[in-house]
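Common to both upcoming complexes is chain A, partnered first by chain B, then by chain C.
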Partner chain A sequence: MLYYIVKRLLILPFLLFVFSVIAFLLIQAPPGDFVTSYVAELAASGSSMDQIQIEALRQLYGLDQPVYVQYFKWITRLLQGDLGISLDFQKPIADLIGQRLLLTVILGLATFFFTFAIALPIGIISATRQYSFFDYFFTVFNYIGVATPTFMTALILMWLAFTELGITITGLFSPEYADQPWSFGRVVDLGKHIWLPMVILGLDGTARLARILRANLLDELNKPYMEMARAKGLSEWRLVLKYPVRLAINPLVSSLGWYLPLIFSGSLIVATVLNLPTIGPLLLRSLIGQDMFLAGAIVLSYFGLAVIGTLISDILLAWLDPRIRMEEASK
Partner chain B sequence: MFWATACAMPPTPTIDRHTAMTEKNLLTVKNLKTLFVMDEGTSTAVDGVSFTVDQGQVVGIVGESGCGKSVTIKSILRIIQKPGQVVGGEILFRQAGGKNGADGEVIDLAKLDGRGKEMRAIRGNQITLIPQEPMAALSPVHTIGNQLIEAVRLHMDVSKVQAAEIAIKRMAEVGMPNPEERMELYSWELSGGLRQRVMIAMALLCNPRLLIADEPTTAIDVTTQAQVLSLLRDLQENHDLAIIFITHDLGVIAQVADDVVVMYLGRVMESGPVDDIFHNPLHPYTKALLASIPSVHGTTRGPLPAIEGAIPHPFNRPTGCPFHPRCASHIPGTCDRRTPVLVAKNDRQSVSCFLQNDAAEED
Partner chain C sequence: MTAETAVIDTSDAADAISVAPNWKLVWWRFKKHRLALVGGVVLFFIILIAAFPGFFSTQNPSESNKNGSFIPPQSIVLWDKGPAFYAFAVNGARNKRSFRMEWTIDPTKKVPLRLFATGYEWKVFGLFKTRIHFFGVANPEAGQKFHLLGTDRLGRDQWSRLLHGTQVSLSIGLLAVFISTILGLFLGGISGYFGGIIDMAIQRLIELLQSIPPIPIWLALSAALPRTWSVATTYLAITGILALITWTGLAREVRGRFLVLREEDFVVAAKLSGCSQMRIVFRHMLPTMSSHIIAAVTLAIPVMIINETFLSFLGLGLRPPAISWGVLLQEAQNLQSVALAPWLLLPGVAVIITVLALNVLGDGLRDAADPYH
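Now for the complex of A and B:
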């Protein structure tokens, strides 16, 4: 098990290197260099920079040197925690995304736990009571969940809340807490606001996971070990939860590898619609404004979250399934 | 001494008016009928099966694939799942639990709720199963020990450590090398023969009165088969265990069984002591089965004299005797119209055939 985890950890630096190259290429994609754009931006806003400052910036980014030197300079600064300056906001990028990244992770994890908490019982009941009223009900529910675009759900719920209840449900905080430092009151306020984006973001995943679980479980319920467990005298619920559910969950856990990153990044449109202070809307804005260092930093943090998500799912899977542990160890 | 440990007894309602059941009878199955009701049609998998297992006796059930052997024993264990259903008959079982090791009361398992507490207290405790597919009968993500300990603690009020001791003892008893270490392993880390031993150990954990072995030797190689058979025979002799042994291999029946039940399309064609069935078969189907055994001493190596014709599809069973379309000696106008019933031919053998007697089902 330890060996397995260490092996996973060892490939991390390599993965991050590949992703950082991709992010860097993204930064390099628009025509013109950063400093020229920066100067133009400054000029447009009425201020200016003298030639010496401009030269110093060119030096810092290595703009007159080959691309790999520029990459090297960028990654070195990155590793030191310097993400660069946002063209658009005229602020250090680290300050801009730090708070938003935290909220993205919190919302992502909340969505994730919500998804599993709902999908597990739905999947289990649909499979064990196949073709019952519940099964049909959840099948319809799942189709709706999968077929409705998430931002649409968000719009409908916002509209309903506004017309029926007369409240606006956007953001993750009430206005009085929005720009405050963390406090107990702010955490409570977050708790009051997070459930709606959580439900909206989780609906699609819940429907998908419940369907996967139902299908897996239906396969498992016909396996000979079920008969053996019954023949032992185990009660139906205990045996369903101990054996087939345990086995049917493994494919779900491996789906975490793609599901977690999807929650983190997939929230982009919904977060924009709901005006959430997560990194999604910021990415959209930075791309529109060609604020490439900001965009690069955000894309890189998405990659980072994806890698961590995959790592968690791999470790969880190895912990749950001895066959995977054994296979890895024998390699 | 170990075998004296009795499993916890459930409180059970008594149905003792069946005077037909004598002291030595452990299990009496009467007119058992199990259907599978599906959209495509209804399959009568078990159609009025009757047989008796005496205490400490080995009863073999033989028949071609699909004749309802597994469904019969699953019905006895009451683990038939939807769309299947036990729709009729009696399953009289003489329980343990009397004073000083004496027998307890007789209970009709067919009247119990298959998922209910009473049935679950008997299942895995007094009646246990060695399943048809030992390879897949263990969970791949739980250790052998976990599954054995679970089986013990379902029926005995013991700690996990005590349960593990019981499991290890049983594994040693069925010839499992290094049982302590094997407890930590997963089923897929064991060979087929060892897995089968785990299944046998599991079936013996709670000192059952009746062990049901559903083709316990078909999935393993011939050498291991022989070992498993002799192991079962030893266990049966040493512990006065009754065994229902299912197989489609008459050679195996000859080695292990005292009594034989010959099944065809969900019905019993003939039953009786193994010697009588082998040396004096009364039913044309039994004769055909015996003729299809490859003779060890045979000089010619021709193809097996397989029984002519195919087994009918369970959805469209023939009217009359189910075997008549394949029977060389069937009586036209009788065998294809009326259904024979199983009646005693002499004090040992029973047969369901118009060539032997004229008893038919009324309808």
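Now for the complex of A and C:
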């Protein structure tokens, strides 16, 4: 087990290196360097920057040097904890995304647990009562859940809440808590707002996971060991939960590897529609405004979240499935 | 006598099964899947619309009308003490305070409709000009207008725009999947067939690509596309961006199939009889897995369609004047416009129906792909 985790951890630096290169290339992708576009933007809004300041900025980011030197400068500053300054907001990037990153993680994890809490019972009941009304109902529900883009769900719910209840459901906080430091009241307020984006984000995943679980469980339910356990008089529910579910759940856990990162980045679109204070809407704004260092930092945060998500699922899988840790240890 | 016929019948059926070619077995199996058949029929009509959006439209999709914004959908009356085919006219008046047009349905004024009506000029496959439409206003000279799904902010006909969007969204999905299929087949194929170090390298590449969250990458790449590019260039670039990351799933599928097939007797036999590697791959291995590939491809298209919708919805995919479902939904991006004109959400319903049809069809195909099971 330890060997397995260490091996996973050793890949991390390499993955992060590749990801940082990709993020940097994305920063570089728009034509022209960003200082030029920044100066042009300033000129358009009537203010200007003197030549010395412009030169200082160019020097700082190494804009007159080859790409790899620029990358090296960027990554060194990054490792020292200096993400740079957002030219659009005129604020340090770390200040801009710190709080939002935390909320992104909270929303992601909440969605994740919600998905499993819903998908597990649905999958188990659909499989044990195959072709019942319940099973058909959730088959239809799952198909629709997968087919509906998350932003559609968000828009429709927003519209219904507005026309039927007369309330607007946007953001993660009430106005009085929006810019406050953390307090007990703020956490409660977050709890009151987070359920809607959580449910919207979770629907798609719930549908997928319940389908996988149902299919896996159906394969297990016809195996001879079930007959054997029944013959020995084990009660039906204990039997199902103790043996086939434990086997059928493994493929589900391995799907965590893609599911958790998918929630983190997938929340981007819902967050934009519902105007949530996560990093998603900020990425969109920075990309449209060509604030490329901010965009690069956010893309890198998404990559970081993806790496952590994959790592968590790898460890969970090894913990749940003895076959994996044995296989890895015997190599 | 009857018993005898029954016996003969079953043996006939058994014979038919044992001599039927692969595709026939797949088809028999597929036919049993009712839901998938329904999905196929729905998809047929969607493709028909995507092929001739002009024919089914009632108005030029780009034609705006500044005095006709946010007209609500007008329903068609088919039965009025006998078969009928008309819609009620709408009356507009400007609200004195908000200066917004407000529309009421006028049950006394009828707009007669007819099938195969004459309307604006469109081109069949961009080649032949015609003015014939599937249905439309019976006498357009009188200045009567009819909007089945209402109009948008600029007074453009939502129904016609939806149909033209179908063409773009569906074709982007198909084209992107086509590119990623080629990439997936090629890389998955050589990975699975040769194995060894090539397999290792390609598998690591796939793992790397799959561990990257796609949405931020798509957004960043699309944002880097120059705004000055033409609609057609952006269309191709977006397709390429979508295909770039999604080929990995298919490559894995193909590789897995190849690994299994490589050990099969018929492949070994072909090898021993001196077939070239190309022949083994293309003549013997690929046809055996074609049904699996078709199923995987069918299931990949809806994912692409949803992704294109995401990108365009966020304003980073196709941009107006291009019309796609995502571009149309951009009009419904905030609560104000949705509350004012809920029918702007209808393109989303088109997305849901299409994706549902494709998913159901793909599931049916996947179940039927292995008829020997």
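The rule is simple: the second predicted complex is superposed on the first by the 329 of 331 C-alpha atoms of A that agree within 3 Å, B and C clash if a C-alpha of one lies under 4 Å from a C-alpha of the other, contacts with A are read in each partner's own complex, and residues count from 1 in each chain.
Just so it is clear, contacts are C-beta pairs under 8 Å (C-beta built on N, C-alpha and C of every residue); 3 or more make two chains touch, one makes a residue touch a chain.
This one's a predicted model, so the numbers in the text were calculated from it and none came from an experiment.
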Would chain B and chain C fit next to each other on chain A once aligned, or clash? fit
Touch test for A:235: chain B only (first), chain C only (second), both, or neither? first
Touching A:96 in the superposition: chain B (first), chain C (second), both, neither? neither
Looking at the overlay, does A:213 come into contact with chain B only (first), chain C only (second), both, or neither? neither
Taking C-alpha centres, what angle do chain B and chain C open up at chain A, rounded to the nearest 10 degrees? 80
Which holds for A:127: it touches chain B only (first), chain C only (second), both, or neither? neither
Counting only touches as set out at the top, which of chain B and chain C does A:283 meet: first, second, both, neither? second
Partner, of chain C and chain B, that touches more residues belonging to chain A: C
Applying the document's definition of touch, where does A:261 land relative to chain B and chain C: first, second, both, or neither? second
Distance floor for C-alpha atoms, chain B against chain C, superposed on A, in Å, equals 11
Quick check: in the complex, which residue numbers of chain A touch chain C? 15, 18-19, 22, 26, 29-31, 143-144, 146-149, 151-152, 155-156, 158-159, 162-163, 168, 170, 258, 261-262, 264-266, 268-269, 272-273, 283-284, 287-288, 290, 295, 298-299, 302-303, 305-307, 310
The answer for chain A against chain B in the complex is residues 223-225, 227-236, 242-243, 246-247, 250, 320-323, 326
Partner chain A, residues of chain B touching it in the complex: 74, 77, 79, 115, 120-125, 128-129, 131-133, 136-142, 150-151, 154-155, 186, 188-189, 199, 202
Give the list of chain C residues in touch with chain A in this complex. 208, 210-217, 219-221, 223-224, 226, 302, 306, 309-310, 313-316, 329, 332-333, 335, 338-339, 342, 345, 348, 351-352, 355-356, 359-360
